[in-house]
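One structure is given below, represented as structure tokens, and several questions about it will come after.
Chain naming follows the written order as A, B and C, and within any one chain the residues start at number 1.
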Amino acid sequence: MKNRLLPWGLALPAILLVAIFLGLPVIETLLTTFADPKGAFAPYIKFFNSGFRRTVLWRTMEVAVITTVLSVLIGFVTAWVVANAPAKAKSYLIIAAVFPLLTGVVVRSFAWLVILGKNGILNSLLLALGIISEPFSMLYTQGAVIVAMVYLFVPLMILTCVGVLEGIPQDLTDAAASLGATQWGVFKQVILPMAVPGLIVGAVLVFTGSFTSYATPQLLGGERQMMMGTFLHQRAMVVFDWVGASTIAAIMVVVTLATVLLMSKLARKLNPVAG
Amino acid sequence: MTVSLTLENITAHYGKTMVLEDLNLHVGEGELVSLLGSSGCGKTTTLRLVAGFLEPTAGHIRLGDRDLTRLPSHARDIGLVFQTYALFPHLSVKDNVAFGLKQRGIATAERNKRAMDMVERVGLSGFADRYPANLSGGQRQRVALARALVIDPPLLMFDEPLSNLDAKLRVEMRVEIRRLQQANGTTALYVTHDQEEAFSISDRVAIMNKGRIMQLDTPEVLYSRPANAFVADFVGFENVIEAVATGEDGDMILAEAGGALLKLPKSHFELPGKEFLLAARADGLTVTAAPGEGLPATLGLRTYLGRAYQYVCETQAGTLTANGPLGAPLETGANAVLIPQPEQCCVLPREAL
Amino acid sequence: MKRKLHPALIAFAVLVFIFLTGPLVIIIGSSLSSSEFLEFPPQGLSLRWYENAFDISAFRRTMGTSFFLAVAGTALSMLVGVPAAYAMARYRVQLPGWLGNVFVLPVLIPEIVLGFSIMKTITTGYEVPVLPSLLIGHALLVLPYCVRVTGASLNSFDFSIEEAAVSLGCPRWKAFFIVILPNIRAGLIAAFILAFITSLNDVSISLFLTGPGVSTLPIQLLAHMEQFFDPTIASVSVVLMFITVGVMAVVERTLGLTFLTK
């Protein structure tokens, strides 16, 4: 009897921490959106009836999808080079990828503020090269947000993909070669299909990360490029519209969870190893 | 199409370490040759060189009249069975088997037919649509075999193919491998560290040590007439005694060893020189109570083997292991003589090991 | 898995690594500028913006708060997370499989939603003061790292050595400390470091939980950026980066960097 309770006893403090300080508040936030006096779905109807709000949601989706696609492509190709680099070069390249990852979001977004600003480096460079005749601000555009987000997530994708690629046993690629597959054949028929589940997991991280980000759209997108994260903050802390903020929060939770569930289902389907 | 495999003066390095030194090997048409040795002896390196996963620093590899030495792996046309099986986890049994055919540009219908035929031949009909993760070890082994055989390669190679199976399956699968290899008449190179496996399956066996072939012969010759002390030790000659020939007596050779005079029948032994080594299995030295004609010994620890008693014996030639009959166990400390049994002994040249 | 690389691929990777490291080099460069504006390359070199960063009391104070939260939040999280990870690895049969998912919730629920919800329910609703709210938020934020990373080393752990210790007369609770903890040291250090860095750099949770007088460094940086655009921010960023370098050196020493690709 004592032994049956021990495992639960050990796990209990952590369970309580999550239940009380995550479960309770998040559920309350979700319930808030259904407790509107104007009707259960009133906040959602309001959200989707507002052109501005729809634009914010759509823009966030668009930025997250573009960021994900670019990060996966850049990350995978770079990881391929890293995984096949000589041992010494490889460890330096991994350090170069890990370092930005461990540097904070604010610092990394700030760097792009310096680069893309009106008096920034890119403008000075383009002016010096005579490509443009007067500086123009690249900040507060969707492009700026995407560039900074790709910058944010490429290291994560590189590390994920290096892990995935190194997890493919060499015996398998040797076997494919011995059976007559050329280098391209081995890549297309063995490495890529085996890497896809890992790539999906990485892509989900990038998508949910960029969909819910705050600091980068705040610094590089500003008011003009309002995204779900910045919009939530504005509703909650500037306008004090907590129902509206909770609605945004609920939509974010639904999109995030749906993406994670659907994609992990897809990854499992594409991965007969686990099944 | 049967061809022979020839390795000529192959030298190979890992970085700066030499792993193979001037290795020569010929595997005849339709012959199965095993490379046998402990880990690090160079047997797997040899196989990977032939497969094209490594390049030799010197020498040539020929398959029939083709020079493979600089050919990329995928153009070598060799069927390879891996220790880990290396089945593609994302492909079904049928697609695994068909993989090599697909690389050869064989049309889907033909490909599927040939793959299914092969799946059936290795006894896996009904499993064609399963994935490797859902197969037992023995079944995976059969898929690996089918995948290597279906491309009808002129050369089959096996890298410790049975080491992940339990004892019973191992015996079953090695019979299966031998059967399929002989039925196709395919030339084969087989790498293993298991002596019983190598001897039971091979036409000839190469015993390797430190990147060199110590002896290449039929299992029968290796077992009874090893060519040097390394091979003798490897095939179970536990005792090696230094001896000097002193003369002849009719059809007997007279030799002095361990302070005693031994008589060895000429019909069994061909001395490599005046000074030589006498190697004996424990069964090749019979323990008899002193006095008598043989190597004098003081008996130490006695253990029971079922078919005989085994004794640790102190002699002038060193500590030896010898067996005595079940009828008359001798006590520790007793004086005895050890009598060589010619069928379980052999002579070796004296050389630096 | 070494393959020959096409020169175009290598060129592409070189560009990517320039893209990754360039902006950080730019920050370091502009932090050393002697002029009033953020510029790169700097016209003249000076350390005046570092002095300025340490002169501004808000930076000093928030850096202290950030450190406190990273250390205390991670410690709190390890305190509840390690026993949970142990229970899940040791009693795999008794505990249900979904339990593991509970501890991943803090990364599954968007951080910004978590921050907002804690602010609304805990800080405002139950009137918990700002600092404890922040501490709880950060402990929650890093809990997945503490449970998962520790759990990974516990999953490959051979619990028969615990039984060996008990059979030799060591009480169970003591065996946990003298047999198990020393053997999962690498996992504990890795968990602590990942958690520490995550907490130190957090924006989305602290965003809602900072109150008058109590803020964290990243939030203070954001606020400063909205008013001033001078090299002070760059120099504070560089200080944060060097803290990261220090942490990474510790990682490299103790574990090697390859564990980050796993």
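In the analysis below, a residue touches a chain if its C-beta (ideal position, glycine included) is under 8 Å from a C-beta of that chain, and two chains touch if they have at least 3 such contacts.
Keep in mind the model is a prediction, meaning the values are calculated, not measured.
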Reference chain A; chain at largest CA-centroid distance: B
Two chains sharing the most C-beta contacts: A-C
Interchain centroid distance [CA atoms averaged], chain B/chain C, Å: 55
Inter-chain centre distance, chain A versus chain C - centres from mean C-alpha coordinates, in Å: 17
Shared interface positions of chain C, touching two or more other chains: none
Parts of chain A lying in touch with chain C, wherever the complex brings them together: 4, 6-8, 10-11, 13-15, 17-18, 21-26, 28-29, 74, 77-78, 80-86, 91, 93-100, 102-108, 110-115, 117, 119, 121, 151, 154-155, 158-159, 162-163, 165-166, 168, 170, 173, 183, 208, 211-215, 218-219, 229, 232-233, 236-237, 242, 245-246, 249, 252-253, 256-257, 260
Chain B - residues contacting chain A, complex: 51-53, 72-80, 82-84, 86-90, 99-100, 102-104, 131, 133, 147, 151
Chain C - residues contacting chain A, complex: 1-3, 5, 9-10, 12-13, 16-17, 19-21, 23-24, 26-27, 30, 37-40, 77, 79-81, 83-84, 86-88, 90-91, 94-95, 99, 102-103, 105-106, 108-114, 116-122, 125, 136-137, 139-140, 143, 147, 197, 200-201, 203-204, 207-208, 218, 221-222, 225, 233-234, 237, 240-241, 244-245, 247-248, 257-258, 260-262
Contacting residues of chain A [partner chain B, same complex]: 169, 171-172, 174-182, 185, 189-190, 193-194, 270-275
